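Given below, in the form of structure tokens, are the structures.
Shared between the two complexes below is subunit A, which pairs with subunit B and subunit C, respectively.
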Partner chain A sequence: MTSLLELEHLSVTFPTRAGPARAVEDVSLAIAPGETVALVGESGCGKTVTALSVLRLLPESATLGPESRIRFDGRDVLALGREELRRLRGGAVGMVFQEPGASLNPVLTIGAHLVETIQAHDAVDRATARARARELLATVGLRDPDRMVARYPHELSGGMQQRAYLAMALAARPRLLIADEPTTALDVTTQAQILALLADLTGRLGMAMLLITHNLGIAAAVADRVAVMYAGRIVEVAPRAALFAHPAHPYTRGLLQAAPRLDGPTRPTPAIPGAVPSATAWPEGCRFRPRCAHAWDRCNSEPTLAATAPDHTARCWLVTEPRGGTA
Partner chain B sequence: MTRLHVGIGLVGGLCLLALLAPVLAPHPPHLQLDLDALRSAAPSLPHPLGTDPYSRDLLSRVLHGARVSLGIAVLAVLVAVGVGVTVGVVSGWAGGVVDVVLMRLVDAALAVPRLFTVLVPLALWEHVTVPAIVLILGGTGWFGMSRLVRAEVRAARARPWVAAARAIGVPPVRIITRHLLPTIAGPVIVVATMGIGQVVLLEAGLSYLGLGVPQPLPSWGSIIADGQPVLRAAPWVAGSAGLALVATVLAFTLVGDGLRERLDPRAP
Partner chain C sequence: MTAPPLLVIEHLAKAYRQSRGPLRPPATLAAVADVSLAIPRGATLALVGESGAGKSTVARCVVRLEDPDGGRILYAGEDIGGLRGAALRRFRGRVQIVFQDPHGSLNPRMRVGTAVREPLEVHGIARGADADARVAELFREVGLDPNHRGSYPHQLSGGQRQRVGIARALAVGPELLVLDEPVSALDVSVQAQVLALLRDLQARRGLTYLFVAHDLAVVRQMADHVAVMYLGRIVEEATAERLFADPRHPYTRALLAAVPTPDPDAPPPRLVLRDDPAPTADATPGCPFHPRCPDPRRADRCRVEAPSLRDVGPDQRAACHFADEPAPSG
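Right after this comes the complex of A and B.
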């Protein structure tokens, strides 16, 4: 089956006072129709920049590398005209953000938001749009849609706001949903409900999802495949089960160990030492080398993504030259 | 009672007087009543504000002058708001080269004294008419407004719900009318209100210089000019129009200040 979304050699650079910040470098990732892919990594690793570039929502100062290719449903997103791009946004590709409250205009009702979005993509009259708005609110599990359309964002809880915004993202029946940390601003129980809703919707509507998260637990809960990003690069991609069972990259292993477990004995959570380096000065060679317990001479040059299994790749010399390390 | 209430009362009263001028004025404003007996006559019962050196009834002239002065000011400010908001929205929304070019032009225009930018076209215009004055006052009054609107648009553009609306494919025109204009309406109304007072003053200044409203149409500025030669003998001529002018500028400043307080709780 062909891919719905294809990112190839995506590189994004921002000018900063400290020099160009290479926020994303040579990221290639494909999502099949109906597939849920989680993009996981620490703050500042480039996952949000990757997500925004799919719909060309990056700030004007950002420049894409000349090799960068973004293809959605066979169409070159980078070649789209202004109007085609607007139709793609919220049309075939929906997007939800981290702060549901901030994504809604405080002076417009939920109904007004939905009608606006529906009419942006379909030439329908207000009455039809209103009826569809109520359907959408029901789809995302908001009770009493008739009253919900008249509510203002501040009258809703965080979870309800995220559901309402999700209804907007679904207005034009997208084939791909990009969810950028959709549950980070919510409390844990609401988080679980929204994740269950997302999983349910992708299944029910046959929609693919690119889920951006820093939380491996969330990736484990809903993703078919997981891509781990570190310092602007993808360091490991694998189906969910394989990634959690046999993590190949020391960074992935570190992340898994750093996640507190509820089963098994209580122990101090081992953190990965150090912090993500600055995007203006990535380390030479392997970018994880300064924080890696297994680093050796080989790591002074940068490894490529190498396959450990047919559908499992990792960017580490340990994959291709396992005897060189001390592990 | 706040400043806003006093101001709204004053503005309301002034507008009422201006609208009802034809009913309230005891005489036609340009009618020379009696060139022998009634030149610069002191206030009396038949002429509560006296008469001017051409024996015209001053109350009638000041009332009709309110129509002219307020009418010109309100229309000129509407022109200025229209142009200023358009330029500001285009500049703030487009950004980049468009923004730089437009704002540098505005900077240059702001560097020239307002009186100069108003006087030059007036001097070049052969027969100055009221619509011409409105256009000139409006056309030279939008520079500050466009800068304000541009700054507000840039701030509003950065709000997450605007980014979210863009991400979901809402057309730019709709984002501007639905999400941007309502948020910038407050400051625009405040500045426009204060602007009316300023333009009333400017127009009075022009008419005083004989460059504004053509005679015999009464404008507060030309009434003051009429009273200048007889300032000592008949101070009520210039005084009546002068007081009307002060009251008007005060009224609009009070409303503008009061609105600013209401619309922006952080204002000092």
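Right after this comes the complex of A and C.
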């Protein structure tokens, strides 16, 4: 199986007043055509920086480590020229972010947004672009596309804005959709609608998706595979069923236990002590060690990602040297 | 539950005026319409619903950040609407609010120790070395190292900032805390820490909570009683046990079905509700929920007759014509 997207040894550093922030370090992740991968973790873990790297949307101040490789459909993204990069963004790779309202131009109608996006990637006349705009609005489940094209972003609810924004991302028939917390600003009922729509679209259009979320419930609902990030590194990757049934990394287990759920206990769930450290001062050794109930001497040096089962890897000494654990 | 409730809300109403352009008179949008609730001392009442349901408006009226247009709020038997001067100050010493985003509610240029000390001085509770000692004590009580007193809000993590927000609210020794989405902005690992702290403080200080939240899984861990709001009205109200075990209003059932569960074998979040709420219940004749109602029993009656909130079981009330019957399966 050839990968559609391949990240290899991706490292991203930002200069800050407190010194270099190593936001992402040595992240390797591949997404197959049509596959949905959820990148899960708390804020400050490097999920969004990883996603932005794919399309080289990082601020100018960011530097990529010399080992970093990004390949999309066999092409070296880091070697693309400006024009090729422009065609990739919103072309073969579509994007949706958390706040659709902030990404839509308030003085342009929804139709104008779509026509502009379609014509940026396809040499079609205006009438064709308009017809395609209405098709796209129907694809994302907006009723009455003929009226929708004439509406302005502020006339739409948050859920409708997210659908319109998604229609733009789909305009050039992307093979990969990058969705960064696409439902976080929405009510739970609207979230359920958008998640169902995303699952439906990836299936119907054969589109792969990199879904960034802090919510394990969302990963459980839509992902084929789940990658968990902590402190700039991937700490566990597994197919969805395996990750939830046999979480190997103590951070993954902690997240699962901490998540409040309707079928769980009615007392507060066990928390993970402490907080995510700062990217300018990651702990030495295993970065999760200061918050980990199983930490032992071995954790003073950093573990590598090791296989716990086929297709299942975790970055923890308990995986390779289980006798040291307290569990 | 024979003791009189600490907080009673009676027929609360609050409307906002919305401009419709220069040529038309402004529209009146009812944010809250006829909300009645009571919280026994030491209990937690959760107010849940989608954004725009009116939850925060109720919360803001309870702490007198807003004045209602109709109805009244009784605190320990006293109508808070008429409180002025010293009486209002005394009220503010008993009822405090904790906001969602401590980043937004804490002054970024004020050291967090000063932020917690300020209410002690404003309310004449302590000054000088005595105030210093109390601030250190409050920090320890909410699980913060007193050495953080000299920090600025941006130097703390989200969870630490929310602990500062809680310490500031506790400084005046309140009896009732209004918690407006207190953990929504926090990561899940830290959210659990703050929820445990709130439970702990409640037990230790005998606090009463009005807990405003949209996350039903969190509410289930915290609440004794739950009121579900839709377009400014309460559509269901019950003990937490009953509401989660046997929800009677189709909107409550839809909210519950939409919560994603971190378990791949669980049914996926169900697409029960299409569309968005109407901008306000005023625009909808009949039941405000009927345009979105997925209940197969929805009938002509729902389009013309607004259901009233009525008893549908022990400690349970719902505003649905069909709430007496068990939920349809599937």
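Operating definition for what follows: the second predicted complex is superposed on the first by the 325 of 327 C-alpha atoms of A that agree within 3 Å, B and C clash if a C-alpha of one lies under 4 Å from a C-alpha of the other, contacts with A are read in each partner's own complex, and residues count from 1 in each chain.
Note that in this section a contact is a pair of C-beta atoms (placed from the backbone, for glycine too) under 8 Å apart; a residue touches a chain by one contact, two chains touch by 3 or more.
Predicted model only: the values in this text are computed from it and were never measured.
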Partner chain in contact with A:Thr16 - subunit B first, subunit C second, else both or neither: neither
Partner chain(s) touched by A:Thr2 [first = subunit B, second = subunit C, both, neither]: neither
Partner chain in contact with A:Val276 - subunit B first, subunit C second, else both or neither: second
Dominant toucher of subunit A (residue count), subunit B or subunit C: C
Subunit B versus subunit C as contact partner of A:Asn300, first or second or both or neither: neither
Doubly contacted residues of subunit A, that is, touched by subunit B and again by subunit C: none
Subunit A to subunit C touching residues, read off their complex: 42-43, 157, 159-160, 187-193, 195-196, 199, 214-222, 240-241, 244-245, 254-256, 258-273, 275-276
Residues of subunit B touching subunit A in the complex: 95-96, 159-161, 163-172, 174, 178-179, 182
Contact set on subunit C toward subunit A in their complex: 50-51, 157-160, 187-193, 195-196, 199, 214-218, 220-222, 240, 244, 254-264, 266, 268-274, 276
Residues of subunit A touching subunit B in the complex: 55, 57, 60, 86-91, 94-95, 97, 99, 102-108, 116-117, 120-121, 165, 168-169, 171-172
